[in-house]
Every structure is written in structure tokens, then in C-alpha cells.
Amino acid sequence: MRNTPRRKRYLVSRLNLSAIKAEFPILRREIRGKNRLIYLDSGATSQKPNSVMAAERDFYENHNAAVHRGAYQLAEEATELYEGARAKVAGFINADIDEVIFTKSATESINTIAYSLGSAKAGTRFHIRAGDRIVVSEMEHHANLIPWQELASRTGAELVWFKVSEEGRLDTSNIDELINERTKVVALTHQSNVLGTIVPLDQITAKAHSVGALFVLDACQSVPHYKVDAKALMVDFIAFSGHKMLGPTGVGILWGKKDLLDEMPPFLTGGSMIETVTMEGATYLDAPKRFEAGVPNMAQAIGLGAAVEYLNALGLDDIHAHEVELTKRALEGLQSITGLSIIGPKDLEMRGGVVSFAVQGIHPHDLGQALDQYGIAVRTGHHCAWPLMRRFKTIATTRASFYLYNDFDDIEALIDGVERARKYFQSR
Amino acid sequence: MELDSLYQEVIFEHYRRPLNKALKPNPTIQVRHTNTSCGDEITLNLHTDGKKIIEVSWDGIGCSISQAGTSVVSDLVIGRQIDEVLQIIEAFQAMILSKGSDSGDEKLIGDGVAFAGVSKFPARVKCALLGWMATKDAILQARCSDGEGK
Amino acid sequence: MRNTPRRKRYLVSRLNLSAIKAEFPILRREIRGKNRLIYLDSGATSQKPNSVMAAERDFYENHNAAVHRGAYQLAEEATELYEGARAKVAGFINADIDEVIFTKSATESINTIAYSLGSAKAGTRFHIRAGDRIVVSEMEHHANLIPWQELASRTGAELVWFKVSEEGRLDTSNIDELINERTKVVALTHQSNVLGTIVPLDQITAKAHSVGALFVLDACQSVPHYKVDAKALMVDFIAFSGHKMLGPTGVGILWGKKDLLDEMPPFLTGGSMIETVTMEGATYLDAPKRFEAGVPNMAQAIGLGAAVEYLNALGLDDIHAHEVELTKRALEGLQSITGLSIIGPKDLEMRGGVVSFAVQGIHPHDLGQALDQYGIAVRTGHHCAWPLMRRFKTIATTRASFYLYNDFDDIEALIDGVERARKYFQSR
Amino acid sequence: MELDSLYQEVIFEHYRRPLNKALKPNPTIQVRHTNTSCGDEITLNLHTDGKKIIEVSWDGIGCSISQAGTSVVSDLVIGRQIDEVLQIIEAFQAMILSKGSDSGDEKLIGDGVAFAGVSKFPARVKCALLGWMATKDAILQARCSDGEGK
């Protein structure tokens, strides 16, 4: 690996990287022989610190019981841990505790809203019918696109979308055309998982509310990386995944305004979300229980609580500052490579630590394979954003995404690796 | 023994011989509250002139804690001013949610202090609160419907 | 604790209980002071052996990456582990691998079928419309009742149900009336989570198929305890939860016949379940991916795989035989207590290790509280089977449920504990 | 170096100068296959008289493995009997799914043996199979539509 002094020019991070790395056992893995693992796919899923794994294990070893149902000591402890995790997540996004719903993933969170709205009876404020409009964008992850396509197709509503500019920004020039009196839902990503673009929300949320539309924010790529304030954002719903923010797999979050959640039809039905049940019908509890049917993903929620504590201890501002520096160096270094082009913003303005690129003459799959050979894990493909690929007239990109455990050496390794791969394929 | 700290003698007395348990007709308001996790249910009739609680009567089935709790609150509030009653309920709520740190003010909540031990058993807090919350709910509903509250 | 020789009369289990208990760290917990934990609430959720926790941790420490998406080494390993877990679960219920879908819970599994059927277009074989019939029973858990109530209410179909006899058996006397040409779905529990009753299925599945109805089996209380053979049972769908069979929380199973699953509309939509996506619409992959949108609950599925291996190593037949012996002693011992009555079958014929009972003059909540004080964790309440409570003219029962880590001492402790509690409350 | 074991020289030759890459008109059957995880796509035209493969031509974009694979299979099967071709495809499939244990029979699968290394990279198996599966699919569809198969 090259060892030039150039990285010294970059800001020394406020994070203590060696201490952080020590908390993530997987970073000691060796890849394809003796290569150090350089994990640059946190946009897909993040690695887990010891404290998260320990919290899950502690739950299973000492407190495991069905929450809210048992009256014995273990069940009381389990309930307190589970509800404690809810309080931690609520604090993390500045929400009220009862507004935080544990789902299995952001995908489920978004589907929950789409299905709930789809079940709303005619005459209620949530009812969606033929002629109504749902607004998304061309840069949505499939998880924030297909549920709305399906809702539109079930209800006869019309799906329309914001376009994306050549620079990878949301094109809001036709906002008044897209969001009008017929618009019932606006569902947008906070940050593109492909481009790294952070979407400025103020104008769009204001417009959405001015016509009485509900605003759904896909915050999968933002909540893990910088402060997201549920109250300040003026949105109605927020969806994100625990596994992308150091938490366990199998847990996601749906945040929603309490008065909306309490009024909306439930989605998954079953135990623990009911008020009364007869053979003929049931009535339902308020949020969050209304949307948490069945024995919940207790250990995972509690693990997510530990992840939130870990993030709080480091501080989201420092994490974000660190990632901006990594991104700055990555953008600069990668663009010095012959034939490489960035797909997405090339500046740091309203931009997160996700960098997509193409290298002329090398298919992303081949490039990713070579990088893997050097120990570098990047994502290649359409990134579950197929329409966005079409927008940029490609079928796939190579994507590096950063998180708090990445250091400048990782970025140099990426830059060197891409250059080395380029030469490898060129020589063949 | 901790079980005795939960099941104070006073609680058993109210459980065995509950006060005001038999619905009085023509209430100002009737409410029905359920403990959704166990199915326990009470119906509570409130008579009020808008300022004072004239009568509280109730019926239902449930565990010793919820039955005794309803007996205690009904006995405690009859004849009192509404504002005072709301204060009493608040004090009881604070004690029962205190996880053992607040042993309750007997001058304010009377026999309610016997439930201090319940606050150490989070799964039973709902039982203890059942009758108290029904009473509070009835008062607030009565207030609304006669235009007293804002 | 009483130490009479009477338990010696009972069969010595084929399970090595001391070795088993050593694998479940939580069983070393002390409760309300110095009481040994006697966990008799496995019907709500089971405890976890070390091997399950180790499998999850190994995944996070060595292989964590998004399955099916990445092309790098970690992602390949994660995919192999995840798909390996699917193979283990499939083997466990004698199913084909592609028929096993990972959900978050049995509740989600059942909702998946109900919503998918509800989305089927008119003219397709899955379409449900006004006048169609859905058949359930009075002994269903809310998770296998409310989703069907909701489906009925969304489609205009009629919900009808089997009654339950005084002995706690399914009353099939009016089967020909309930299941007729209009019947589209029959959804039944395999074993009641309250009564312990095992439902004989042959007659009902035959009847269901004779009218072309789909048969959905809620196997939450059976799969963990005795052999369930997906192919032999003649059912179309099976739902169960990982957390009740030694697995992690946050993972459930939906099994379905491949040809049905591939034809049914998807439920949750998003990434990894699509074939192609444009802004206008999407096409979907076949099962299992069709029903696994988003980054899945990888660690939990893998943990469940380890649970299945643990169950296989002990042998389901020996586990079941052991539980039958425990149940025999429990039924006998409990019934010797003054004022105690069993709710459910009093014999061992077609009966699992779940025993519900009432003690005259003592509310279940109070009884459960006293038992907790002695270290005994039982469930009290309506057990998410409210209509069944009404059927037995009660609002709650006390329920003890057994699993492979329970021994005869646990049963004696229960019997002694109930007697002691009875005396405690009688004396007050 | 393991990368070379994946990227055999033969693969690069086919990738740089793919054979039969340009759709011939009027096929017996046309199929379109997609690698859903990356978006790579090929269109393949098959000309057959029901017994023999007369022509295979294709177009599409994709990684070196999928492009070379399609080139190899197209070259290999043209002019052969259908039954023989299905056998060849099966042999290739067996090798590519063998996780490195089957190095392939060159007499049967020709340049296909160059893909033996791919079987050690599970995430690339789909790439290697893309053209092969498209060919198989086209053959089976052609069979069905002319009533040859049962």
C-alpha cells in the first residue's frame, strides 16, 4: 500500500479512531488471504460494536421474557429494557416516546404507512382514492418507491415524481405542478443512498403541508450519520433501519406524529395491540402498541438502544464532521484517477459520506471484485435504485460509503485500490 | 416478606368488602375501563353537580389490587370538590409510578398509601390505577359535557 | 421446597436435564431474592441456549454484511450463512428450501398471507370477495383471528368459526356447514396456546381441499415441541415463531407451497424482492425472495438455524416424550389442590405441555404474583385468546407451559407453589 | 494471485472480442434475461429447427464474466444437437455450482472450463450463468412452442 504523506494534509478527526476500531471485532478480519478488512459498505449495513452485542446477550442471559404480557420479574425487567430502548431512540431523534414504533426494518416502516393509508375507510382523512396523488422522486430507494406504486395501483391514485439533475440534486423546479390540492402523500429520501445528496426539505415540507399532504421521510441514510430532529423537520413520518446505525439486524423504526398514528388504521394485527377482541371484531390500542402486533423483536430493540448510546457518546456532530473529511479526501483522490467519474455531487455542500463512481471500460462488478481481492468491501450494482441508474444512463455503479470506524487509511486504500484495479484490467 | 409489602392488610380489607360496589342509577356519566393485558374490567358511575363529587359507584371483576384500588378511590373522593379530587388522583399517580421512592401522603390519599408497595411491581401498576383512572376519566368527561372545562 | 419421593414414580426422561440446563444461562438467575428461576412460560417465549447466542455473535463478529447484494467476501459469507439457515429450517419441517420465508414473527407470517390474498386481483384464484367465507375457530390466538377479521372486513367476506367443547376440544360437528363451496380460507391453530389441545387436522384439511379452500396452520405451539411435517400435513401455509423454539426474537417463519407463493401478490415491497423496477411499476421475484423485502433479519435467521440444530441434536421425539411426562405430573398434581380446576383437556390424548387452570377465589393476577415471589414464572391473563376466555366464562387463567429445559422439580415447585399461594390468600 | 484464477486469460479474450454479439433477425425464439441483483441484461436470439441449434446471437451489457460467458456458450452450441447442448449446459452448471470441486470437462464445455475459478466466488456465479441460462431457457421455450417437448 502506498504510504505518501499527503493524508497528513487532512484534518485530524475529532474521533479517536483506534479506540473505535477496537470496539468493532469484525475489523480485525482478514480478507482473501492476509488483507486487512476495509469496510466501505456501511450504506448497505453497518458493523456492530461490542456494546450492542453485549446488550443483546445480556437480555437473553438475564431478562428474556415476553414484554407487556407477563407479570413476573423477568417480564417486568424485559418490559423495562424494551421500553427503555424506545426512550433512547426517541431521545436520539427528539421525539416523544409514544411516537416511536419498532418495526423489523425501514422497509417495513414505509410499508406500514402505505398499507395503513390504503386501509383507511372512505370519508376519513387518510383515505386515498382515484385521482389523488402520491409524490416521490427519481432518487428513491426501491423501499420508498414500490410501496407507493402498489398503494397507487390499489387505490387508483396517481404516482408522480421529482426528477434528478445532472449534478445529482433533486430538481424542484416543478414543485407547484407536482404537489397540488390532489396530493395526499409526499414520500422522499433524506439522503440518496447512491449519490450522497442530502435533500433540502424546508420548501417541500412547507408546500406539502400547504395542500394538506402527509410527508414521509426515508431517513435510512441520514439518522445514522447526523442529527435528525423529528420535531424540527416538519415531517409527519420518518422511517429508518437499526442495522445501518450500529444496531442489530431485524429492527427498524417508524416515527410518526402521535395524533396521526392514533387515528390511522393498524397494519399488522394480532396480540398486544388490541383493546378488546370478540369473534366478530376488535378495537385497537393507541400508538406505539397499535403498530406493534405480536411478541416484538425485543433483543434487537434493546441492542439498538445500546447503539444509540454508543452514537451519543461519540457525538453525532463529530461523527458527521469526520465523515465529511473522509468524503472530501475520497472525492479528491478518486477524481485524480484516469477515466473515473463521480455520479452525484462533487462538492461537499449538503452531501453525506456516500460516493458512487464509474471507471471507463471497467464494469462495476469487475472493479468490485478486484477491490475485494485487496480487502476493500464496496457495493456494486443498482443499489436498489434502478430508476436512478436509468436516469444516469447506466446499469450499475461502484459505491463506497463511510462510517465512524473508517479512517483516512481506508480512503487511501480505496483510491490506491481503484487505481490498481484499473491497471489490472487495462493490462489484460 | 416482599409479598406482604405488596398485599397490605388494608388492600385485602377493601378486596373482601369493597366500598361503593353496586352501580347507582342515573349517573352524570358512566365510564368503562379495561386492563387490556389481562381483561379486567370495571364500570364506574359518577354523580356530580359540576363542582363536587356527589356519588361514585362501580362494578366489575378483577384482581385484589384493582378491586381494592377502586374501592379506595371511590370512598376517598365522594363529597369532595372536583379540583381537590384531581389533586388527590395526581398524588396517587405520582406515588404509584415512583418505583418505590414515594411512599405517599396519607393525609392526601388516605388508604391509597397502602398501595405504595405496588409501585415496585411495574406489571401491577395498571391494576392499581384502573379505578383511579376511571374516576379521573369520568370527571374530565363530565366537565367537558357540562362546559365547565376548556 | 418439599422433597417427597413421589416424583420418583415418574418416568426418567430421555433428556439429560442437567446438561441441558447448563446450556441456558438464564436458568441460573435468582428471582425476588434467592429463589431459583423456575421458568414455566415457554408458551409465550422460550429461553435461549448458548449455541444460539454464539451463532448470532459469530455472524456480527466475522461475517456481517448485507446478503444477496454485495459481491465481496463478507457478503458472500453472510449470504451462505443466511441461506444455510433457511436450509436448516426447511429440513426441520420437511419442506423445500424455497418454500421457507423468513418473517419477523408468526404474527407477520399470518398477516402476510391475509394481506397478500387481500391484494389479489379479481379473476385470479386468490381473489376474495363479498360472500366468500373465511373459517377460523374460537380457540385462535389473536394473531390468527384479527388478520382474518380485517381481511373479511376489507373484502366483504364472511368470518365463521368452529366452536370449542367444554373439554376444550375443537367441535367439528358442523364442519359441513362451516366449510362449503364459498369457503376460501380455513385458518386454524395446530395447538391451543391456552388449553394445550392439539387439533386433529386430517378431516378438516380434507374438507377444506375438497371445496378448494386454502388451509393456513398456526403452528406456533407445535413446531417447537414435536415433529411437524409440512409435506405430510396437507396444509398450504404454516406460520411459526423462532423465539418460541429457542431462537432469537425478531424472526418468524412462513412456509407455503411453492406454486402458491410464486403466484400470490407480494406483501411488503422494497429492495431485494424485485425483478425489474421503473418509476411506473415493478415485477417481482419468486419465493422466497418475493416475500423478503429489504435487508433481512440476518443474525436472527442464523440464530434460528442454530436453534434448529440444537433441537435436532436432542431429538424432537425425546423432547415431546419428556414434555408429556411433565404434563402428566402437572395435571395430576394440580388437580389435587382444593378449588383448582383445569381449563382444557385433563387427559394426555392429543395434548401438549400447556396447562391452564383456575383456583377458586383467587384472581390469576394475584396467584401469578405469589408464584413469582417463589421464583415461578407463569403467565396470567387472557393469553391473547380473549374469545376463548369468554367461551369458558372467565376473563383470565393462570397458565404453566413447559419446554425441554424444565424438569420434574420444576413441576413439583409449581404444585407446591400454587398450594402455598392458595393458603396465603385464604389466610388473609 | 486469486484474481487471476477468476479472470482467466480466455475470459478476457471473449470479453474483449465477444462472439456472436449482434442479434440476427427472425429467430425461432428471443429471450431476455436479467441479473436482478446488478441490472445486467442480455437479449438472446435462438434459431433452431427443433433438433439442432442453427444460430445463437445476442446483445447486452454486463461484466466481463457475464459477457464472456455468453460469448462462450453461443460459440459452443451453434451447430449442435439440442440434446447434446442441454447436456453441455448441465455440465457447465454442475461445474459452476461446485464451489471449486469440479474443474470442468474441456471436451464437453470447451472454453467453459476457464470459468472453473468463478465457482469459488458465489456472488459471481449468476454472472457466469447469465448467457447459459438464457440459452437453456430459449431452447426449452422453442421446444414447448413447437410441441417437441412434453
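As written, the chains take the letters A, B, C and D, and residue 1 is the first residue of each chain.
Please note the rule applied: contacts are C-beta pairs under 8 Å (C-beta built on N, C-alpha and C of every residue); 3 or more make two chains touch, one makes a residue touch a chain.
In this text the structure is predicted, and so the values were computed from the model without any measurement.
Taking the mean of C-alpha positions as each chain's centre, the chain lying farthest from the centre of chain C is D.
If you average the Cα atoms of chain B and of chain D, the two centres end up 77 Å apart. With each centre defined as the average position of its C-alpha atoms, the distance from chain C to chain D rounds to 46 Å. Look at where the CA atoms of chain A average out and do the same for chain C: the two points lie 32 Å apart. Within chain C, the positions touching two or more other chains are listed as 32, 69-72, 75, 274, 276, 365, 369, 380-381, 386.
Shown for chain D are the residues that touch two or more other chains, namely 37, 121, 124. Across the assembly, chains come into contact as A-B, A-C, A-D, B-C, C-D.
Note for the complex: chain B touches chain A at residues 34, 36-37, 121-124.
Of all residues in chain C, those touching chain A in their complex are 25-26, 29, 31-32, 37, 39, 41, 44-45, 47-48, 52-53, 56-57, 60-66, 69-75, 104-108, 110-111, 115, 119, 138, 141-147, 149-150, 153-154, 159, 161, 241, 243, 248-251, 267-272, 274, 276-282, 293-300, 365, 368-369, 371-372, 376-381, 384, 386-387, 390. Those residues of chain C that touch chain D in the shared complex are 68-72, 75-76, 79-80, 274-276, 285. Residues 1-3, 6-7, 9, 12, 37-41, 61-66, 121, 124, 127 of chain D are the ones touching chain A in the complex.
Partner chain D is touched in their complex by these residues of chain A: 32-33, 363-366, 369-370, 373, 380-382, 386, 389, 395-396, 424-425, 428.
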